[in-house]
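Shared chain: chain A. Partners: chain B in the first complex, chain C in the second.
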Partner chain A sequence: MPHDTSEQHHPHSLLPSDPALRVKALETLLVKKGLIDPKSIDEIINTYENKIGPQNGARVIANAWVDANFRDALLKDATASLASLGLSGRQGEHIVAVENTKATHNMVVCTLCSCYPWPLLGIPPSWYKSDAYRARAVREPRKVLSEFGVHLPEEMNVRVWDSTAEIRYLVIPERPENTAGWSEEELIKIVSRDSMIGTALVVVPT
Partner chain B sequence: MRTKPEPVFEQPWHAELFALTVTLNEGGHFSWPEWAQRFGSTLKSHGLAKSLNGGDDYFLAWLDALESFLAGLGVAQVDELDVLKSAWIEAYSSTPHGAPVKID
Partner chain C sequence: MSRIHDMGGRFGDGFVAPDFGKEPVFKTEWHGRVLGLTVASGFLGQWTLDEGRHLRECLSPVDYSSFSYYEKWLAGLADMLVAKGIVTRDELKTLSPVEPPKDLRERRLRPENVFSALSKGGSTERDAGPQPAFSVGQDVVTRNAANLTIDGGHTRLPAYASGKKGTIFALHGNHVFPDANAHQAGEAPEPLYTVAFHAETLWQHPENPEDVIMLDLWQSYLLPAS
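Let's turn to the complex of A and B:
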């Protein structure tokens, strides 16, 4: 059967969207002025699309679960502990770790924009950047959590941490009880991104 | 339980805009807290008309904030950008489909 190319047959190139054109104009101007290097743009995109993501944070959490000294150091001075693992730099200059316990659940938001610990979790998901989450996480955290499928007992405290451009937070989720004896590599696999933002609990897949 | 995987950036221009901003910050044109303030207030004003979903509309607010921020800093003026945007539109309209689109 002949391949119908009518849909793909354009006399000229498809025009990108208006914002895409505005970004192109901005990039062209900044390159022309010598203010940016196109290679560094590609390198940054590649880094966040392929290299940095929640797997970094998951490694930290698993390490804290198996090594009490590391956990203590992380809670005391997360920025220094993370730097010792090579997890510092861009938007990770000042990180505070907060630990979930039987009595307290922590969750993180940025009410201003979308401040987030990039070296540990990468680029935030859309819902973290949405108006709904940014406004409601502080106002009605339990309701928001329940929409994420996290139902906490009445007596448990919920603490909401508002990130800023200066301080970003990492939630240390509770280690599931039925993971005794698990290796660090096995633990890394069950630590989800959302559990480190505090909108999920870590559960062992059945 | 894992949340379903989603692309890091939904659109290429989101990624380009993000990377441009990071590069300018690291080039010393502004501090990240200064940028966050600007962006935060733009997000707030965009969010008055409708609730932003954190996708395209989030990055549209980002783009508006960066353009006005850079204009204020004297780094990129609106008329300079308009000329380049028109040049890109012209290039897309006159380049045969499949050929690389370039401007002078």
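Let's turn to the complex of A and C:
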């Protein structure tokens, strides 16, 4: 496949300039050609808006917090333990779980594109896909974290996971100390999306 | 020399703008249509994930920098459809199918199959390929960040980690090699490792020299450390 066509204009420049019209044009063309069913696009959107999102990951984290055996299995082979819960699939074929402790804070980025564990967290937010996050998370993670309101002590070690292959990373945040005796359902509610990317800590709302 | 997408460590990008979980999944309707159209077109089975990534990376630097995320996806999809002969430039211009469609219709993703198709995914782990040459704890050095056979070709070794010393942290079995698979040169699976790099080996002025950056790197990106 030719990979540089800039000399004779990339084909995409032939489409309308307004992005909403551009996608409409391409969809219409592919539907006319019989290659796309617009209802399938509706269903993909519905899946990521309503069925697959950070609520999946939050269930996993709460489960790991209350069940030490599940936590151990998750850290040992996340792909297998998540598949047993039906949490596998596109952009989550190979999962590694990494655990935040008093000594180590983990955060996840994809500097080359925007790789993200879709089956657990859904579609990545804009900031995760932004140039600023992709460029800076590996070079100045602590400064980036401070922009999320997370200020780590200097003696804490930071590990940044750059998702350069098909391994997708899930951060297991630290369970807040004042949640002893909480039910799994209560814990699920306090696990934020960002805490599973490593750009937030889990805190109990006051 | 790498391409515009290879931005890890770059200076000048300004602050990150967190949404604290408030942003909707798709900010506007057309964002969802682009994602859906791209995913559904992928199920036609005419290109690999690596080819799709590479075509997005081949956007001109001006387009890559000025396009929003989903505009990059849309441009990458349009370029791929033309590169694969599924649509022609004339069709993109006129928006009417002037040539008979290729016989791909039976591969069209059906609405009732969407959830199961998305839940299935596609593993990149393979049994074939060489034995691991490195073991956990061993020091390695990365080679130049470049596709070795195709100038400007796809690679997943970022420039910021090129020619740097790290330590093997984990082995993940053999995985499809993107540098080959993006260019229709077969899957060429090889051992994939997580390699740990200390911040002080990557950056002139690290925030904290003890911080660690982990990258997933294929065996042929690595040389034994002398």
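Everything that follows uses one rule, which is that the second predicted complex is superposed on the first by the 187 of 206 C-alpha atoms of A that agree within 3 Å, B and C clash if a C-alpha of one lies under 4 Å from a C-alpha of the other, contacts with A are read in each partner's own complex, and residues count from 1 in each chain.
We take it that a residue touches a chain if its C-beta (ideal position, glycine included) is under 8 Å from a C-beta of that chain, and two chains touch if they have at least 3 such contacts.
Quantities reported herein were computed from a predicted structural model and do not represent experimental measurements.
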| item | value |
| --- | --- |
| Combined model on chain A: chain C and chain B, fit or clash | clash |
| First, second, both or neither for A:I167, with chain B first and chain C second | second |
| Partner chain(s) touched by A:G89 [first = chain B, second = chain C, both, neither] | second |
| Chain B versus chain C as contact partner of A:S17, first or second or both or neither | first |
| Contacts of A:P205 with chain B and chain C, given as first, second, both or neither | first |
| Touched partner set for A:W127, first chain B, second chain C, both or neither | both |
| Comparison of chain B and chain C by chain A residues contacted | C |
| Touching partner for A:P176 - first (chain B), second (chain C), both, neither | neither |
| Set of chain A residues, in rising order, touched by both chain B and chain C | 10-12, 14-15, 19-20, 22-30, 33, 35-37, 40-42, 44-45, 48-49, 53, 90-91, 112-114, 122-123, 125-127, 129-133, 164-166, 192-194, 200 |
| Touching residues on chain C, where the partner in the complex is chain A | 5-11, 13-21, 23-30, 32-37, 39-41, 44, 51, 53-56, 58-60, 63, 65, 68-71, 74-79, 81-84, 86-87, 89, 91-93, 95-97, 101, 104-105, 108-111, 113-115, 117-125, 150, 152-153, 156-158, 160-161, 170, 172, 175-176, 178, 183-184, 192, 194, 202-203, 207-208, 210-218 |
| Chain A residues within the chain C interface of the complex | 1-6, 10-12, 14-15, 19-20, 22-30, 32-37, 39-45, 47-49, 51-54, 86, 88-94, 96, 109, 111-114, 119, 122-123, 125-127, 129-136, 138-144, 147-148, 154, 157-167, 192-194, 199-200 |
| Contact footprint of chain B on chain A as seen in their complex | 9-17, 19-30, 33, 35-37, 40-42, 44-45, 48-49, 53, 90-91, 112-115, 122-123, 125-133, 149, 164-166, 192-194, 200, 203, 205 |
| Touching residues on chain B, where the partner in the complex is chain A | 1-3, 6, 8-13, 15-20, 22-24, 26-27, 29, 32-33, 35-37, 39-40, 43, 47, 51-56, 58-60, 63, 66-67, 70, 75-76, 80-82, 84-85, 88-89, 92-99, 101, 103 |
